[in-house]
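Multiple structures are listed underneath, in structure tokens.
Consider the two complexes below, in which chain A is the common component and chain B and chain C are the respective partners.
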Partner chain A sequence: MSEPQTPRILAPHLQSFQHRLVRMLGKVVQLRGDRAIIDAGGNVDVILNRDSHLAVGHAVEIIGKVDGNLHVKVVAATDFGTEIDFNAANAVVEATHRHKEIFYED
Partner chain B sequence: MAEQAINQGSIRSIFEPESPFTDRPVVQCVQIKTMEPKAGDALRVQRFRVVLSDIRNYIQTMIATDSNDIVTSGKLKKGSIVRLLKFGPQVVKDKKILIIMKMEVLDEYGELEKIGCPEPLDLKDEVKQQPASISGDQFYGNKPVQQQAPPQQQQRTVPVHQRNPGTPAHPHLYPIEALSPYGNKWTIRARCTHKGEIKTWNNAKSSGKLFSVNLLDDTGEIRATGFTDACDKFYDLFEEGTVYYISSCEVKIANKKFSTLTNDYELTFKNDSEVEKAEDQDNKPQVRYNFTKIGDLGSIEKDTTIDTLGVLKNAGEVNTIQSKSTNKDFNKRELLLADDTQTSVRLTIWGNQAETFDVPEGAIIAFKGVKVSDFGGKSLSLLSSGSMTVDPDIDEAHKLRGWFDAVGQNAQFNTHASTFTGGSGQDATKTIAQIIEEEAYLQSDSASYFNIKASITYVKNTSTSTLAYPACSTPKCNKKVTENEPNLWWCEKCQMNSPKPQWRYILSIMVADHTGSIWLSSFDEPGQMIIGMPANDLIAMQDQANEDDNKNNTGFHEAVNNATCKMFNFKVRAKMEMYQDQPKPRYQIQSLHSLNFAQEANKLAQILKQYDVNSDSLFVN
Partner chain C sequence: MSYNNYDSGYSNTSYGGGGGGGGGFDPNGSQNSPSGGKREFQQDSMRAVTIKQILEAEPSGNSFNIDGSSITNLTFVGQIRNISSQKTFTTYKLDDGTGSIEVKKWIDSNAAEEVDPVKSRLVEGSYCRAWGKLNSFGDKRHVGVHNIRPVEDMNEVSYHLLEATVVHLHFTRGPPGGAAGAGGAAPQQQNQQLDTSDNYGAANLSGYSSVAKRVFQYMQDAPQTNEGLHQQDIAAKLGVDTADVARAGDDLLSGGLIYTTVDDQTWAILEAE
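Up next is the complex of A and B:
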């Protein structure tokens, strides 16, 4: 694949995916200048880039790199609106990790 | 050396006012004695009395019956070194003893002779001097006649919490969790979470009246019942929400039929039971819930008792129905509850609660003691022993309120109430492979119904007759009309001509899921959803295409192709029919529904979880 792998994770997995490019779907909790907090199975600090426009209360999918103190530096962000069932979304993430051979290389 | 392993002085410190210095003291077992059950004891279980020493002191202890196996298996022997994991100090008739709920034998030390010369633990001043009439055996375990004990000291063990300070008038406070038929004099401090009404019974054996209450403290809940005389004595005393000190009740094994609480035991008030309202009503134990999400109800067995939390979307009117068996009138009210799993469910409340229900829509309500039934899909019913709290001050309620304010107001809810004929039981969702397998079992006289989630792969469109038929324009008359003369369509039923018929779909579509594919037939309503336009339009397009001789016919073919790859939940009726002397299974679409992706995703997540039930997994969902 020409694109790098971006395994889907939630907040508890940040620790094991340090310094890797990951994908997270979470709800925007707070915006603060160039940073934001999203709730993806737990609160995650994200460092936004110039193009990301997040709306509080919306679901957003962040592709970014996890840094040393478990913050995510956003590379791309997509707004997913408000009609997201986070239970289902989180279940997807849990399922991909349980069967990770199918979804990403470790 | 074992001597070093033993925490000397730990036994004394267990009884000190400040926390004992070791969490899980290591001591030596110097004697084991068996106590046979007394005649008339409901539970004929033997109990073990063990003497433990920490080299400085020794103390009598009783092993909780749950841990009896440590002795019966021979693991614990005289001389063994043990580590106490869960225990509670008591003072019985001026003697200090320990009740051991859990211990482990450190068999690396083997069995040793008694180490040192331990002395019996003295009574110190922390024991409030009570008038004690000591009679009979001094040992804990026998039903003591009359004894008082010092207030319960700081405990290390988990279930015994520290917020129940004993008072001089109420010594020996027990946690509800530790109540057992072997109890001697105990007192519990608990909140009455529910008081049932006085019920009378009349049967061949006896007649009388009873009432029961649910009691809660920080360690657990237990049900207490009073019969006849005790009923009269205590009924007025109890109020829901008030904290009481209760003692001297009979502790029996719980009759699960009548109680929804999880305690193995229940209490019965006797004539000498004592119930006293607590002066300080603070520190009230909070009602504890174990919520089940409404979305998960689909997987819960009927007749299970659960707790649930939801937003009140709608409250029906009070209805009165008559019970067929007793001819008594019942009041009931149906509520529609929803939560953040995007699912809603009907919940019925009864009696007084139904009558006096006055909660605004949008309020968060917590229900404890709700029975799941499969009446009309999945629905809930509040039990008489259950309770309802509006806008409770607990985390889940706040979370739900937050969700509702943000999203829930406008969200679409899937309902657990099924909307098909009969309303009892739910159609199974099958895979196409299953359907094909079960073809042989289809009968020609009765139809079976099931749901499938599948995608349309092909719409048969070889000729007009495979797509739609001309139907009478009279509303509701769907009879096929014949074109006897150009532009004059005759309907037999209505006995009239009309210039233009109403085309109605009769589609043959092929659908597929991940296990196989199958032909379904569809009439007009599902047809419209599949093609996305009324049949009249499609037929017009087809005529156009035919005229243009398939040259500029992109319209028609496009329309037909657009129907493919759509995924729906189909409700299918299957029947064996004879076609040219051959039995053929026919599958007809009764109705179809668009997919609610969130709900489907949750369903799939549940199926995935099943794969992991047997495997050892670190991920807990």
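Up next is the complex of A and C:
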């Protein structure tokens, strides 16, 4: 189908997902102009688009492309509020990689 | 493919123009909390899946298989990518990161003129949970949904993906620890592997009283009909007070290890398979 897959990853996985579209859930640490830092198992530099509305302290789910500097260029950002259980969210990432057959190709 | 084998498992759907629902289904029936713990893993089960699993489900007669097991009702969580409204149904395109699929929700003609508060919150980019059945039309698949609602607590996204993983592993590897009981929650069953001191077959008796353990052990070993054993026989054989056996029986009953047969005092062991 037409929507591309967006593997869920954390900061340590960025290296292996260069130039690919990914999905990251993290907590917004810092906002500065069109840049932000989110904590998703480690700090990640995020390059925002015009439609991103991030709030410091909120969880945000980002769909974006990992560039050569391991920054993530946002395609879409969804606010996940302040009640996210990051232990569960990080367990999801782990599960999706370990049991890839039901989540992602290759 | 027609829609005429829809059951009306959800009381707020009547499928007015949709070709009628199968009658007689109790709207308060066992399917109304599909995200809850109880899964039957058989006919008319409600299975949590990822969209990739739906897209890769193997056709089998009129239905589909996932992990070699027939599927009927599915539930999944996704982000709405597109909404298109037709006269009789609304199509949502849902994306959960593993793939995307169209889901169709028939419009209840009886409630058509009213503004639906749930529907107004299903907007592009938002997450929702859907329940429905997989259909294929030509080589294009879609899910006819009984119900679709917005996700309120975003942890439900994590929850759903973990649940889909657990169910997948259940079908491909069997229950956690290879142990008893498809109905139990996974985290508790993992403790079984740690409890090596007592071997009571597949059952986990840690946490039960010593009387309960003896009762269970005796029930496993004693010759009996399929009516099981009466609590007074057990008490007599074990030389334990009947009241203690009754209490032990209550614990084992509520733990799902035994069940009552001809009357409340006659018990048999609930076999795992």
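As a convention for this text, the second predicted complex is superposed on the first by the 106 of 106 C-alpha atoms of A that agree within 3 Å, B and C clash if a C-alpha of one lies under 4 Å from a C-alpha of the other, contacts with A are read in each partner's own complex, and residues count from 1 in each chain.
Just so we're on the same page, a residue touches a chain if its C-beta (ideal position, glycine included) is under 8 Å from a C-beta of that chain, and two chains touch if they have at least 3 such contacts.
Just so you know, these numbers come straight off a predicted model, no measurement behind them.
When the two complexes are superposed, the chain touching more residues of chain A, out of chain B and chain C, is C. In the superposition on chain A, A:91 makes contact with both chain B and chain C.
In the superposition on chain A, A:6 makes contact with chain C only, while chain B stays out of contact range. Shared-chain residue A:57: touches chain B; no touch with chain C.
Overlaid on A, the two complexes show chain B and chain C touching the same residues of chain A, namely 83-85, 88-89, 91-92, 95. Only residues 1-3, 5-8, 23, 59, 61, 76, 78, 80-81, 83-85, 88-89, 91-92, 95-96, 99, 101-104 of chain A touch chain C when the two sit together in their complex.
Chain B contributes residues 293, 295, 340-342, 406-407, 411, 597-599, 601-602, 604-605, 608, 612, 617, 619, 621 to its touches with chain A in the complex. Against chain A, the residues of chain C that register as touching in their complex are 49-50, 52-53, 55, 79, 81, 93, 95, 97-101, 125-127, 153-155, 157-159, 161-162, 164-165, 168-169. Only residues 57, 82-85, 87-89, 91-92, 94-95, 97-98 of chain A touch chain B when the two sit together in their complex.
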